[in-house]
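Two complexes, one shared chain (subunit A), two partners (subunit B, subunit C).
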Partner chain A sequence: MATVTINGKDVEIGSNERLNCIQAASKAGVEIPAYCWHPALSVVASCRMCLVEVGDKKPDGTVAMQPKLVPGCQTPVKDGTVIIADSQKVKDARKATLEYLLLNHPLDCPTCDQAGECYLQDYSFDYGRGYSRLNEPKNIKPDKDYIGDQITLFTDRCIMCTRCVRFTREVSGSAELQVVSRGSHEEIDIFPGHPVNNPLAGNVVDLCPVGALCSKDFLYQQRVWWLKSTNSVCQGCSTGCSVTVDQNEDRVYRLKPRHNELAQGHFMCDEGRFGWKYTHSEQRLTAPQTRSNGHAAPLSWEDLLVSVRSALQKAASGKQSLAAVLSPWMTVEEAWMLAVFMRSISPQAVLAVGPVRVEGSDQHFPQDLRGNVVEPVKFTIRAEKCPNRAGVQAVVAHFMNDPMPYEELLRLASSGQFSAVYLTGGDPQGWISELQAEAFSDVETVVLQDCLPSPVLQHATHILPSATFVERDGTVVNHRGLAQLIRRAVRGPDGSRPDSRILWELSGRSGLFQAEALRAEIAAAVPALANLTDPAIRTTGVLLGAPQPAAAQTT
Partner chain B sequence: MSDTAKKKNVRWVEEPELGFWESTFVPAIMQGLKTTLKHVLDGNPVTQQFPEVKPELPLHYRGVHRLNRDEKDRVKCVACMMCATACPARCITIEAQAAPPEWPDRDKFPKSFVLDELRCIYCGMCEEACPVDAIELTHIYDLTGESRSDLMYDREKLLGVFDRTKNDPRDPVRTGRGRLGPASEFVQLPAVGPATNVPTSDRSAKSEAAGVIRTTGREGQQ
Partner chain C sequence: MATFEPALFARINKPDSAALKTYQADGGYSRLKEFLSMAPGDVTNIVKDSGLRGRGGAGFPTGLKWTFLPKDHPGPIYLAINADESEPGTFNNRYLMELDPHQLIEGIILACHAIRSQKAYLYLRYEYGTSYRVLDNAIRECRAAGILGTNILGTGVNCDIVLHRGAGAYICGEETGLIESLEGKRAWPRIKPPFPAIEGLFRKPTIVNNVETLCCVTQILYRGTEWFKSIGVPPDPNNPRDPGSFGPKLYCVSGHVNRPCCVELPLGVTARELIEEHAGGVWKGRRAKAVVPGGISMGFLSSSELDTKLDFAGPGRVGCLGLGTAAVVVVDDQTSMVDVLYNCCRFMSHESCGQCTPCREGTAWMTKILERIRTGQGRSEDLDLLLEVAGSMGIIPGTTICGLSDGAAWPVKNAINKFRGEFEDYIRSRRASVTSAQKLMAVH
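What follows is the complex of A and B.
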């Protein structure tokens, strides 16, 4: 164990930990401000905001301080390192640094999208001066509206921390951004004709500590202090990035990555970042209804659920069997409730995991300009475009030793083996083709629980408009068996209901849906999902079963 | 404060007993009639004949809002939504949009600006919050409408109020020419308490501009 002294306070750091002064200080609860340093990027020590006094404690107890201030991000700590981050010398240095950073900054906070979550604002408030001594006109550089399809650059707000440049070089590997010119003429720019359109481009907006790089999608939509954040999990692929859903008045405005070493690290891809738009689609199913011979009859939820239950019970009394398709877009809790419900109606009911959409192959980053993956892999977009295949499979495997493949279920359905099927959807890209939907055309009772229209809608006899991931509570399990919670951030459109509530009421449980209670029930029944009761699931998530060796791409 | 100290500072007052005359309420009625009669006879009526005679309101009366235009006749508002944030009645709804390319000096402007005049409590916080002096309260007090939606003032209506009041000496209320509260009387802002320590030799310490920290005298204590 190594002992580091920060502001006179000793803190122990592990022998394997390789920390710089900023990280060591944060262990002691001391904030050392920094702009250019980011834990996932290389160190450049260019912003000079983290200047601290550093010294060494000699074996005889005397402390030898270095005469000059050193950048904390660039200075590794070892046993006996003494860091002073609250002396007048350090405070004056921060004040001077901030004054320089603000020399040419336009101070247009009222019209800046970053205001409210801006490090310049925060650090100026905490460590800066209350005024500027600059009498000369500011050097204002023209804005660059097109840095990428999703990104705009307010050049004058930039403080040249080069986080974005390092991100495109080190994480995405595409290296579109660079610094041009020198001194106070320095600007971030792209090579002509090579905009920042890589699949991870949106991260440079999050990385920007000031309001220079802004997302065109979010630009001027909301002031950030109005947004309420809910921790959730991205549904774009089976990586299952930890995210926060930022919403105001039941409207989602953006998704931001949430740091989680177990899931994805610090970043997320653009596909996931902008992949929530379907939640506010005009196409959303909002009318609970029954259909017979093409005639739709709107029904109240209470009557519809009664009708679904009696239709399934009637079907179960016949010779043919019942089937349910459990979509990999369901949460573990919903899959469990549906499986239990179907088995309670008919103990022989067939369960199948719904179609898992796979697009191409896994995309690993960084990639060089020829598309070759550069080791070590820092981010992966998975080909499996659904959030919870592992979780739903675990539930289905608990009820059926030999789970029926989805294709087999389609074949049996078209040959008239089933008297009733319960279909769940949820994939915004569409989960069933016209041809596949034909398989259900002759099934007597087709219960469809989905949020968006699909070809199977015309064959459905009972339509249950359900919710998207921002409107539900539950657990999803990613590709490496990491169970994380999604949480309800907004209310869905009128008429729709969260899947969890539909299934809770359908299975005749009393009271309101409670994910926590259900998780305890699942953990007790399914050994493979026993870890669901671990309280860590609320923060970082828990790895189910024997933890697989952490793959390099998740670091 | 301890319990005994609390008890020491409390004086208990008993309600006085009503006497015979007091319990008839006749003296109290007489007292009231005397006041009424005094006002009837003194020939100084307080009632104003409203629509015919316009009232003279104090100059700091805060009425309908206006949205100012800048020198190029564009809406001055930059859609920063500080007014909507400051508004205690939450009556301001703004939708921002990026400024058109013809406005190189502007980043954004309000695509829609709706102020619910019925919900507003005319506190003037929006005016105070505005960093560009775009929203201001005027002297207009007699706003009417036939429906609730009539009194949802949109951007054009609020700009219309500006056009109507821009040459009125009473407006805007905050910087109006009349006598206002003490906060409006500053010719020069007093020196603000030091946000940071400034050496007396610092150029800013010698500045004459209002609001600049002159000297702190904390130099030696650092």
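What follows is the complex of A and C.
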């Protein structure tokens, strides 16, 4: 253990931890302001916002301070390091740096997207001088909306921290961004005709500590202080990036990555970042109904659930068996409830994990300009495009030693082996083709629980409009067996219901859906999922152990 | 000083002085084989004993710098030669490169041997076209004669020189900026540590030396440390940290003098002597108002400080930043210090690499303030503001990565502290040095 003193307060640092002054200070609850430093990028020590006084405590107890200010980001701490971050000298340096940064800044906070979550605002408020001594004209630099398809650059707001430049060089590897010109006329720019359109491009907007790089999708949509953030998990691929869902009045405005070393680190890909749009699709299923011979009969949810239960019970009384397709887009809780429910109706009910969409192969970053992956890998977009294959598989494996492959289930369905099937969807890119849907054309009872229309809709006898991930609570398990919580951020459109509530009521459970109670029930029953009760699941998630091998991954 | 014999400039006035055969005729390369047979550490010790300090501006002891390399490094180790010579008023390296390139090449070979490097990169200021052609020719001559390349003169020592032309920026003269530029990157100085001796060019141990320093190495090996130490100023006995200022130095005198020149003199000559005896005095019969001791980033000597000894310690005693490149620029008494300072600030803000906030914004702000003063819009509080800005930037307060902004701050501090009355009069008089048309065209 090493002891570091920050503003007179001692803090213990693990002997294996290699921390700089900023990180050590944050352990002691002291914030050292910084712009250019980011834990996932290289250190340039150029913004000079994190200047502190640093010294060494000698064995005899005396302290020798370095005469100059040093950048906290560049200065590693060791046993006996003394950091002073609240002296007049440090405060004066911060004040001076902020004054410099604001000299040519347009101060257009009223119309800036970043206002409210801007480090220039926050640090000016905390450490700045409150008025400008500039009596000369400011430099005016042109805005660059050509910088990327999803990104725009308000050049004059830029403080030249170069986080974005380093991101494209060190994480995406595509190196589109660069610094041009010199001195106070410096600007961030691209090489003409090579905009920032790499699959991780959106991260530069999050990295930008000020309002220079903005997302075209979010631009002028909402003031950030109206947004409410909910922790969730991206559903785009089995990496399962930790995210926050930012919404206001039941409308999602953006997804932002949430730092989680167990999941993905600091970043997320654009596919996931903009992958929530289907939530507000006009196509959403919103009418609970039964259908027979092409005639739709709208029903109240209560009547529909009664109808579903009686139809399934009727089917179970016959010779043929029941089957359920558990989509890898379901949460563990939903899969558990559906499996338990199906087995309660028919102990022989067949369970199958729904189709796992696999696109190409895993994309690792950084990639150089020829597309070769550069070690060490800093981010991966996985080919498996669903959030919870591992979790659903674990549930199904608990009920069936030899789970039925989805293709086998389709084959048996088309040969008339099932009297009733319970289908769950959830994949916004579509999970079933016209041809596959034909397999269910002759099944007597087809219960479809999905949020968007699909080819199987025409064969469904009971349609249960369900919810997207931002409208539900539950657990998803990523590629490496990390169980994380998705949380309800918005209410779904009228007529739809969260899957969890549908299944809770269908199973005849009393009261309201309780994810935590269900997790306890699952953890007690399924050894592979025993870790679900770990309280860490609410923050970083918990590792369940090795995930099941994916049948679909062989493609 | 009448007995002083130029050493670095001993050959520059001879006909065809840049050619290999004339250099050899004058004894050049005659003992190279002998020196290359010595152990590298012995060469380093000779340079260390001589007390040679870097001629590029900072005055760091050269032999000591060489010992900072990691011991027993498997290599490669590189030597980078700083020939970017971009400090305004400095042109001594150009004389050395154009008129006696083999003295430099021999110094490079010796330095490479001392630091166990087999490759030297010579970073040449782009604007020096003639130097490029002369050096390129000299390097070819040496390769043909077996003086450069593998197994030099049968000693088993390998050394070659890569001649690299810069792309024209002041900051490329900063040693880590130079290394970045050599690597093909934007010349943004690196954060230190690690110092180049540990991790420099292509992430390998690298020594960066100035052209004049390496020419001194040649002279020290041929003439001996005793000769070198007999010239210059010994250490101040009252300051144990002063390594002294030994050896000859090339002084460049320019500005408002009758005869701008580059002259070799012992370290410690006074500014007055340089102006009066070597540069033909201040022009048009005027008097010197201010003298830059060693490039504009070192600040100004006032007219009462002209007897300051221009050795490594002298300018610092009167508030200047140091000796710098020993480029003496004379400002006559008819010139406004406001205009002089504006010119300095404009240069520095144009050349700031833009990496560190205080330098990027501070240099430009000081230029804008001076620009406003020059249009007659000055305010009395501007001078204190300028001093405050200048005081907050540089590696001396610890707010920047490299020393460019110290060099930008120093002329401001010196000019306002030493010529405050003139600045106040200028502001009070609401005089304007620039017309509104010039103001419109101002580029900074």
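One rule holds in what follows: the second predicted complex is superposed on the first by the 544 of 555 C-alpha atoms of A that agree within 3 Å, B and C clash if a C-alpha of one lies under 4 Å from a C-alpha of the other, contacts with A are read in each partner's own complex, and residues count from 1 in each chain.
Here, contacts are C-beta pairs under 8 Å (C-beta built on N, C-alpha and C of every residue); 3 or more make two chains touch, one makes a residue touch a chain.
Everything numeric in this text was worked out from a predicted model, so none of it was measured.
*Asks:* Once the structures are superposed on A, label A:Arg133 by its partner contacts, choosing first (subunit B), second (subunit C), both or neither.
*Replies:* In the superposition, A:Arg133 contacts both subunit B and subunit C.
*Asks:* Let me test your reading of the model: by the given contact rule, A:Ala93 touches which partner, first (subunit B), second (subunit C), both or neither?
*Replies:* second
*Asks:* Is A:Pro535 touching the first partner subunit B, the second partner subunit C, both, or neither of them?
*Replies:* In the superposition, A:Pro535 contacts neither subunit B nor subunit C.
*Asks:* Check whether A:Trp225 is in contact with subunit B, with subunit C, with both or with neither, and answer first, second, both or neither.
*Replies:* Once the two structures are laid over each other on A, A:Trp225 reaches subunit B alone.
*Asks:* Tell me the contact category for A:Gly14 with respect to subunit B and subunit C: first, second, both or neither.
*Replies:* After superposing on A, A:Gly14 lies clear of both subunit B and subunit C.
*Asks:* Going by the touch definition up top, name the partner, subunit B or subunit C, that contacts more of subunit A.
*Replies:* C
*Asks:* Regarding the shared-chain residue A:Gly183, is it in contact with subunit B (first), subunit C (second), both, or neither?
*Replies:* Second partner only.
*Asks:* Please work out whether A:Ala45 is in contact with subunit B alone, subunit C alone, both, or neither, and reply first, second, both or neither.
*Replies:* second
*Asks:* Of the two partner chains, subunit B (first) and subunit C (second), which one does A:Pro110 touch, if any: first, second, both, or neither?
*Replies:* Only subunit B; A:Pro110 stays clear of subunit C.
*Asks:* Across the two complexes, find the residues of subunit A that touch subunit B and also touch subunit C.
*Replies:* Touching subunit B and subunit C on subunit A: residues 133.
*Asks:* Subunit A touches which residues of subunit C in the complex?
*Replies:* Touching subunit A from subunit C are residues 169, 186, 188, 191, 349-358, 360-365, 368-369, 371-372, 379, 385, 392, 395-401.
*Asks:* In the complex, go through subunit A and note every residue touching subunit C.
*Replies:* Within the complex, subunit A contacts subunit C at residues 43-49, 51, 68-71, 74, 92-93, 96-97, 100-101, 103-104, 133-137, 139, 159-160, 178-179, 181-186.
*Asks:* Touching residues of subunit B toward subunit A in the complex: what are they?
*Replies:* Going through subunit B, the ones touching subunit A are 78-82, 85, 96-98, 107-108, 131-132, 192, 194-196, 202-204, 212-213, 222.
*Asks:* What residues of subunit A sit close enough to touch subunit B in their complex?
*Replies:* The touching residues are 88, 95, 108, 110-112, 128-131, 133, 154, 219-221, 223, 225-226.
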